[in-house]
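The same subunit A turns up in both complexes below, where it pairs with subunit B and then with subunit C.
Presenting the complex of A and B:
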């Protein structure tokens, strides 16, 4: 329970609008296959580009696919992608951050300089480079984003770990003769994961946007999987003739990102006040 | 007559230019180069070019923009390599850079001089950027499948905004290639035929090309010389497609299997190379799913396409024929003869045992038998379902209101300035 408690506490203090948006995003993502009214990939070229009707309340896209269903299923694509990226990035980041925070000294110096290098390169450039080398595929995209995101996580983890290690109960544990393995796995790691999880939630918006960006560039999620960034790029040729096709995925993506960003700001403020 | 730099345009200059390309192994796809025997300078104004036998389409080949050109012999570097475009044409280059090039009218030009003095070619890589520039009055003319492609949807948008749009039938064909060396399933002509029958060409032309493209079962459109007899446009027939796959041993569903392996194929798409191809790919993906074929789409950029296609790292891929003036031999030799190095464009279909002899026979056939020899190539490709021709790509141009008298150029490599006058 230790890692989850700070997260729940933080959520309780968050602005309602953000919590509502994020809950909607997560619920849509989880239940997408059950609530999407149509098969998101079923094409009907005869009605391609048609506006809202009773059967298709948000209209259909340039290939006659139901826009509402695609928006809903895209939430799932995004949610799964964001979770995978955050889990991978934080797994690397927390491991490196806690080792640096626990060992201190030259290990800390070395690891943190590597992190500095990682943070100095913009995340999109890192992702583009990784995809350029490894090729375009779903898992390469996840890997690329994880490799771009871990340095931030490592830095926060190290700060939390150093803070934790300086607490009196850690000193007491050492005096009592607790083994380094026990200190690290039972006391340091869970505390760090808990604190970093809060930051991870705040980061989700940026990751969702990065996934959409890569898909927009054709380097992320491949057709026919519905994805907001890809829906945007598909609809761009119709920007003037049928703006609805661009506005809907754009608006959905914006809402999700704003939701997470409000959350992020709230996290930062809460942390600031608690110090 | 002189070059832009004042060097006289004489027999010696012409011979020097000819010898830069004619008779070289790399240019064997041109009859004039393959059959070249030698040159003699008669006098200042005449050069005799000798050939081993009569050359079909000699004048047409001599009008190619590449590799044929007439360059001032004084304009090259010391080692003879190309340095600057100093020719005899109506325009001489004033500036050239990554953002564009500017040309000035060459007033000593021997032919009809252009009606305007300056011509600027701007590099605008994004088609939406080009459309915006046209509408803002920054550029006067965009279009052409090779230079600055416009999609049918974009043409419709421009038309809706009151811009003049000109559409010509074009000379290139969009074709889907089967790579039999990478996918065993595609080695079976029945599977290829089933895929050919699974595609709804009419719907693709109508919806994605707004009715501007003509769907086809032929390698070349009738605008191409020796384009061969017309084959029926394959009509979508899922029942026949399904039974063909059953016959080929691919059974079950929703994804057909044979010996425990799924009938799963990858389609390489480069939106930069063939604009609009991603949507076409998605339609084909959905249509083939109905006959039990799983299609994965792999989007690549221009550079990856240029390395993956020649290395044959694709199961299915979209190709475009070269178009005028290189047809029919540019495509027949370049895209089908396995022994000819086609550079970054790669090969559409190769079969050294059956197809190469037919292509070689067509290349060396005397004029009277050439049409029949080419027809044998077309027939073989058609009868074996070696390729899946989809549609003839229309040439779309759009120009500003002040541009008068615009006519689509004869080839994608001609700058269509000739009939243009500017109304101020």
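Presenting the complex of A and C:
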């Protein structure tokens, strides 16, 4: 439970509007298969391009798929993607950051220079380059985004680890004869993970946007899996006859990103104050 | 001052070297044999002898260090090898597409600059009143809206509904307006907040009280006293945003069917054309490194305190 405590404490201090948006997003993602009124991939070409009706409150797209169901299921696609990317990126970041913060010296110097180079290149460029080398697929997208996001996590983890290692109880542990393995795994790692979890929530919006952008470019989530960016680009050729199919996924995505961005600002502010 | 510039330039060259190693390593570590790919591009029924010939020709059978030197020498002279997909020289396609991306980013930067100053000024002049609330709300909205959605909305409003601008294409200033607006919108939103917050802080300083007691108007204080104070912060943010816009070109160019470097990069990524990906990556990173140095020098020039400290 130790790593989760700072996250729960932080959620209590977040702005209500952001927490509400995020909760709606997470609930939508978790319950998507149960609350979506139709099969998101069921096509009905007879009603294709139809406006809102009682059966299809948000209308249907050019293949006659129910837009509301697709928007709801897309929340799940996005949620799963964001979680996978954040877990992978922070796993790499925390490992590198805590090793740098624990060892210090030249290990720290070397690892942090690598992080510097990683942070100097914008995340979209990094992820595009990785996809360009590895090829287009779902797992390559997750890998590419994780490789783009780990340097930020490593920097924060290192700061937290250095801070923790300087605390008196670490000195006491060493005097008591605790082995380095024990100090690292039992005392340093859980504390760092706890602190970094809070930052992870601030990153979620940017990751969600990156997934949508890659999918928009045709390099992320592949059709027919519903995803907001991919739904938008799918409907773009029909902008003139049916603008609703472009605007609805765009609005949903924007709403989710606004929620996460407000959250991110709150995290930055509270962390700034507590320093 | 010169010592400062020299130091920054030295660091930039070091970073450029690291970046070139990174780009080279990326392609070397890529799965699949490059020589087979090129040989099959030339003749679909390539034999072992053909592949060996390609290896010999491109120096692929030489040691890594020699290959790196060969590649770097070519890259410095604008030779990035040939595309596996089209067989064209990558350097030549980069050169021909540079103007398109430059037009896009320069226009986007002007839009971001003008829009952010206007919105920031409106907010500062009517602080905490209706115009301020409206502009700040739209800035928050603008900073969170994905650029491809902004572009789609602009196309719907200005091309589909009102027929003012063309939907896509790169044909004269009329077709440039929508991509510029699309690209400049998000940076404008971010920068307007920098202006607004900067003015708020600057107007709370004691010298503003002095200026007011001398009978100067709020507008002239904003222009004469507050602008020099927010200039370094603003330039820093503008530099970051120009970087964001170059990345944004990757999204905006395909949206409007512009054949720029962003589009080239994307095509390279889509077809796993390593040479194109490598060349574009190097061009992007070089641009970011140079941009950083230029921004640093500009900040030092506009901030007398830093100028003194760094010279």
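Some observations on this one:
The working rule: the second predicted complex is superposed on the first by the 274 of 275 C-alpha atoms of A that agree within 3 Å, B and C clash if a C-alpha of one lies under 4 Å from a C-alpha of the other, contacts with A are read in each partner's own complex, and residues count from 1 in each chain.
Here, contacts are C-beta pairs under 8 Å (C-beta built on N, C-alpha and C of every residue); 3 or more make two chains touch, one makes a residue touch a chain.
Computed from a predicted structure; not experimentally measured.
Bringing the complexes onto one copy of subunit A puts subunit B in a clash with subunit C.
When the shared chain is aligned, subunit C comes close enough to touch A:133, but subunit B does not. Of the two partner chains, subunit B and subunit C are each touched by A:236. When the two structures are aligned on the shared chain, A:246 is found in touch with subunit C, with no touch to subunit B. Contact with subunit C, but none with subunit B, is seen for A:125 once the two complexes are overlaid on the shared chain.
Looking at the shared chain after the overlay, A:117 reaches subunit C, while subunit B stays out of its contact range. By the touch criterion stated above, A:254 is placed in contact with subunit C alone, subunit B being left untouched.
With both structures placed on the common chain, the touch criterion links A:218 to subunit B and to subunit C. Counting the residues of subunit A that each partner touches, subunit B and subunit C differ, and the larger count belongs to C. In the superposition on chain A, contact of A:184 is made with neither subunit B nor subunit C. Within the superposed arrangement, the part of subunit C that overlaps subunit B, taken from 58-66, 130-138 or 166-174, is 166-174. On subunit A, the surface patch touched by subunit B in one complex and by subunit C in the other comprises residues 136, 218-219, 236, 239-240. Put simply, subunit A touches subunit C in their complex at residues 117, 120-122, 124-125, 128-129, 131-136, 205, 209, 212-213, 216-219, 229, 232-233, 236, 239-240, 243, 246-247, 250-251, 253-254, 257-258, 261.
For subunit C in complex with subunit A, the touching residues are 15, 18-19, 22, 26-27, 29-31, 140-141, 143-146, 148-149, 152-153, 155-156, 160, 243-244, 247, 250-251, 254, 265-266, 268-270, 272-274, 277, 281, 284-285, 288-289, 292. Taken together, the subunit A residues at the contact with subunit B in this complex read 41-43, 45, 48, 62-63, 136, 218-219, 222-224, 234, 236-241.
Only residues 128, 151, 153-154, 156-157, 160-161, 200, 203, 206-208, 271, 278-279, 281-283, 285-286, 296-301 of subunit B touch subunit A when the two sit together in their complex.
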